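Labels A, B, C and D are assigned to the chains in the order they are written; within every chain, residues are numbered from 1.
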Amino acid sequence: MIKVGIVGGTGYTGVELLRLLAQHPEVEIAVITSRGETGTNVADMFPSLRGAIDLKFCKPDAAALETCDLVFFATPNGIAMTQAAQLLAAGVRIIDLAADFRLRDVQVWEKWYGMPHAAPELLAEAVYGLPEVNRNAIRSARLVANPGCFPTATQLGLLPLVESGCVDLDHLIADTKSGVSGAGRKVETHILFSEAADNFKAYGVAGHRHLPEIRQGLAEAAKRNVGLTFVPHLTPMIRGIHATIYARITREDDFQAMFENRYRDEPFVDVMPPNSHPETRSVRAANMCRIAVHRPQQGGMLVVLAVIDNLVKGAAGQAIQNMNIMFGVEECSGLTQLPVSP
Amino acid sequence: MIKVGIVGGTGYTGVELLRLLAQHPEVEIAVITSRGETGTNVADMFPSLRGAIDLKFCKPDAAALETCDLVFFATPNGIAMTQAAQLLAAGVRIIDLAADFRLRDVQVWEKWYGMPHAAPELLAEAVYGLPEVNRNAIRSARLVANPGCFPTATQLGLLPLVESGCVDLDHLIADTKSGVSGAGRKVETHILFSEAADNFKAYGVAGHRHLPEIRQGLAEAAKRNVGLTFVPHLTPMIRGIHATIYARITREDDFQAMFENRYRDEPFVDVMPPNSHPETRSVRAANMCRIAVHRPQQGGMLVVLAVIDNLVKGAAGQAIQNMNIMFGVEECSGLTQLPVSP
Amino acid sequence: MIKVGIVGGTGYTGVELLRLLAQHPEVEIAVITSRGETGTNVADMFPSLRGAIDLKFCKPDAAALETCDLVFFATPNGIAMTQAAQLLAAGVRIIDLAADFRLRDVQVWEKWYGMPHAAPELLAEAVYGLPEVNRNAIRSARLVANPGCFPTATQLGLLPLVESGCVDLDHLIADTKSGVSGAGRKVETHILFSEAADNFKAYGVAGHRHLPEIRQGLAEAAKRNVGLTFVPHLTPMIRGIHATIYARITREDDFQAMFENRYRDEPFVDVMPPNSHPETRSVRAANMCRIAVHRPQQGGMLVVLAVIDNLVKGAAGQAIQNMNIMFGVEECSGLTQLPVSP
Amino acid sequence: MIKVGIVGGTGYTGVELLRLLAQHPEVEIAVITSRGETGTNVADMFPSLRGAIDLKFCKPDAAALETCDLVFFATPNGIAMTQAAQLLAAGVRIIDLAADFRLRDVQVWEKWYGMPHAAPELLAEAVYGLPEVNRNAIRSARLVANPGCFPTATQLGLLPLVESGCVDLDHLIADTKSGVSGAGRKVETHILFSEAADNFKAYGVAGHRHLPEIRQGLAEAAKRNVGLTFVPHLTPMIRGIHATIYARITREDDFQAMFENRYRDEPFVDVMPPNSHPETRSVRAANMCRIAVHRPQQGGMLVVLAVIDNLVKGAAGQAIQNMNIMFGVEECSGLTQLPVSP
């Protein structure tokens, strides 16, 4: 059994980790912390977990966490970087679901996240936890930076094209749409029901923190810099990311076959048949990315559609997938739930 | 392994059966029929099942079904009653998720369902599949009538009171609210998104088919007739039933303890602590009924709140619970998914 | 022209007042205050008002307000009572959309609202602004207490029965459902989109502040105390109140005719034909209450359905209706918008 | 008074025409037809119109329509073209809200709409009813083809760029999102609440009928052919179109000023300040298009955001705007409703 701790368990990625880990056959949840809810029964806060989780939130002190094999940080940005070194020194492995270790370049990180980085010396060691790219490095990683939700969908939708170099890498476009849970369980006006329901809007067009993360991943795949226009939108649903990707063809190929070959052995990427339109609900509550490749009117533009559940393949599910890889457990263990539809 | 067939697999209860049965360790899905979709891959119609269900819809002919141990009817009302006798004669056990065998009185059935009953001789044998009431009879049943969604929530919320006779049985009120999937996957105007979203309404106030079903169940529990006003409402969510029940106290008791005792050993009924307000999402996609008992201002009226997922404890999940009981499988087998929240 | 001021214009009742008043032919909006948003352009905060409202939020100081004919308080509970006396002394009339002046009994008020009342001497003078009951008193009122949203729907649905005394006044039940905007534009977790969407729950079953307000109104209509069980629910829509009312008949009558007669001359109450099921969207964004009267199975229980838009007939629209009455303007002036459906 | 008829009044554009026309000071609705609902009171079908519309649906016979000054066709594609010639001959002017007269090239029309065109001789005369482009021609038009919803938002978002020729006209991209009412009030499975709620998907990526319409409009503005990739998506809200437009800059300019100048005198186009993100609810139920112009990271790609209400500026409101222009009425007459938000 893998003995795990969760730091910051009161947000949506935290409760989703609990839902999935409670059903994982190889995991024991030893400790879950929350500064604000210390002493509260987890199941009192999240009644959906009644009968499944019998834990109280405790203070985020290191002693309990240091007894774990693995600690998940489901905290806001800026927390994991202050505690990682001590835990690593104690032999605990870490998966950070926030952004602290996602960017290799500390200056880029500090510019986009607006604070000094507390552990720049760990950035080189941290492994970016996209198993479809870094599975081998994840196996032995001590510190995994779990990708963001938009970056997961966008990179999975672009990787075959970028790796093969068959599209114009200077003018990629990712028009992405997120359900509201992607904004977290914070009390902010714009994600109130009465603001976000029956409404659709773009946000952060001038620049979103997921842009440098996606660019970094694509550049590594392309072995050169890439140009990307990235526009996120908020759509009135709870869960789901839909990325619509536009790439101009520079070299002809069988693009459907290219995607099918690239992901043939991936348990959590499903390349759909030609002319499919994946719906976000087809992956709701499941660790899965579904992708469709289109070439409208046989023209020069490829359109790739990629959907994930932002809380699962875009957060907690992918974190568990990384855990399975890190601990030599079957990669699908605890992640076989089927999507809930309707 | 239990070899099962599903008749009418293209509706919401059908696809929910598939989702749950595909993950059931003791079940083999042998055949699924659809008159309209014969030859279609199930996973082409329901992409959420890609990779999990590798079956085509076939014609609803008896031969294939007769090789099954158990056939689920996930059909509209009026279908199962025409095929049940032949299947039973072939030694196949049946769970009907529609209403054909829910009422014992054929005249009442024909009045509410507006058609002659095709198999009145089976009504006496059919067991009403509410495990919390009829577990023993279900074990040996050949033919189980799976309860309706409103009746499940309403009866579970009222049974302790009705059995104990501590409330006015002539003036019970059930004000119930259903998500839209309760209306099925039919093409009807009033359940279009643009009609049902951002909208709330009552319907069928003059009389709803679930009224005689609830009355029958309560009368058996009370061993006398009961008076019930039943008002269903349509609420803009996909899944969920919320029953708000009003009963006037006629004999004092510790009502919280009464509910806790009644359901102490039930794996799928959760009596919440005093002053709880169960939310439908706390049971979303799971086979669970959560109940809270209130006595506002310590007055003479009890208010019971009961929530279920109409497609799970109100349909497919309860059907599988019945199957487990019928075949001597652990009752929770295949039904341990945790609710999906948010 | 009526010169009006709005105190606290950043909530949903504030912006709805602006939407309606901007189109009112007899009104000049002179001043709108907000402590937190002083200096902000109203239309920058509420882009739906671009081009229609050219005002900045200003500090809530008395001088500007004292130049108005009428001041609306669209503030949280507890604000209007601290400023009312001074404004009244300056000859300004007041409509308070919060609860400060809704209850006549200061002790009841202080118990339910949890604070001392700052102007108990004004409670006797304040007129409860339900035009269908108090139209004459409203005409000359200096201080109008605008009713709550649940109380408006519930009282309009019960008044004909209570006034005529044909039902059991000791055991009335109001099972009410509200859209999420009824909770205001506050940053609270339970009204986040990801908490409130695709979810249904009761709340405040032990006791809700609208209960004493409804009881007071019904008692005045009945000329005796009444017993009422009041259970509010939160439903995943933005706007709308649906009240489902249960009353046991104690004296036979033609109840449909009773309602039609009671509201024959009311411009904003629509008694629908027998067997109707009013939908909340049929009054969306309009100052209207639609009511249907049912008697299921010709039994002893009446079921009344009443719907309003909580922000219009349940708040801002009713306030403007009161203003029209107070200032001798045609009662429907500025309130003729048709409901937006779908 | 303009005497108007409506053919096909039971869909969403029909009921929206009724909502707006009922409040129009210069219009008398003389006749409304529906083949399927002949004899039904309009207000029985659409209770939101109770008290405002006192008409019955009548048979679609020509005699009554020929007495009108103007007939709106709110019918499916393929109806108006069969009746237009006779009405025009009778001196009636026509606004078709469907697609029959939107394309000039009959062969293109027949390819995309899959039927022979019944009145190709009228295509040359029909005026494309986008007032921001064709105001003068609309004044004297006998036959106006009201634009589609996607084409309205997309063209208004692209026109300043295309007219000025400052962007790469061969590789324009319009990623568009529509609320579900854009699919009409048809009984089709994919627009059921339980299918469309809490879900997001692209559709028609291979080719959508609005593509040739947009291309035609842009080509006329550019005076050359343009290349456009157009991907529509379905988003779980009732009303609203959000177009996200990508255009590569080929000639530097002050793009914000370009948009402001282009639409300075347009009453129903609102160019928002730099860095704005227009929300669909900011135009809900109003005849308005709001546009924001972005240039992320000062790079080479322009991103234009344009929102409309698909039923108003994208259908019924624009039709009334066209009517006002055709009949010399003030262009904003009957169209001054403020958006409903929240």
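Note that in this section a residue touches a chain if its C-beta (ideal position, glycine included) is under 8 Å from a C-beta of that chain, and two chains touch if they have at least 3 such contacts.
Source: prediction; values computed, not measured.
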* Partner chains shared by chain B and chain C (touch criterion as defined above) -> A, D
* Structure fact -> Between A-D and A-C, more C-beta pairs in contact link A-D
* To do: With chain centres taken as the means of their Cα atoms, state the distance from chain C to chain D in Å.
  => 36
* Asked: With chain centres defined as C-alpha means, what is the inter-centre distance between chain A and chain D in Å?
  -> 39
* Hey, how far is the Cα centre of chain A from the one of chain C, in Å? -> 45
* Asked: Tell me, which residues of chain B touch at least two other chains?
  -> 12, 179, 181, 194-195, 197-198, 236-239, 278-279, 281, 284, 342
* Write out the stretch or stretches of chain C touching chain B in their complex. => 171, 173, 175, 177, 179, 194-195, 197-203, 205-207, 227, 229-231, 233, 235-240, 242, 244, 246, 248, 275, 277-281, 284, 294, 296-297, 299-301, 303, 305, 307, 342
* Going by the contact rule at the top, pick out the chain B residues touching chain A in the complex. => 12, 15, 19, 22-23, 46-52, 181, 197-198, 238-239, 270, 272, 276, 278-279, 281-286, 290, 336-342
* Within their complex, state which residues of chain D touch chain B. => 12, 179-181, 185, 187-189, 191-198, 236-238
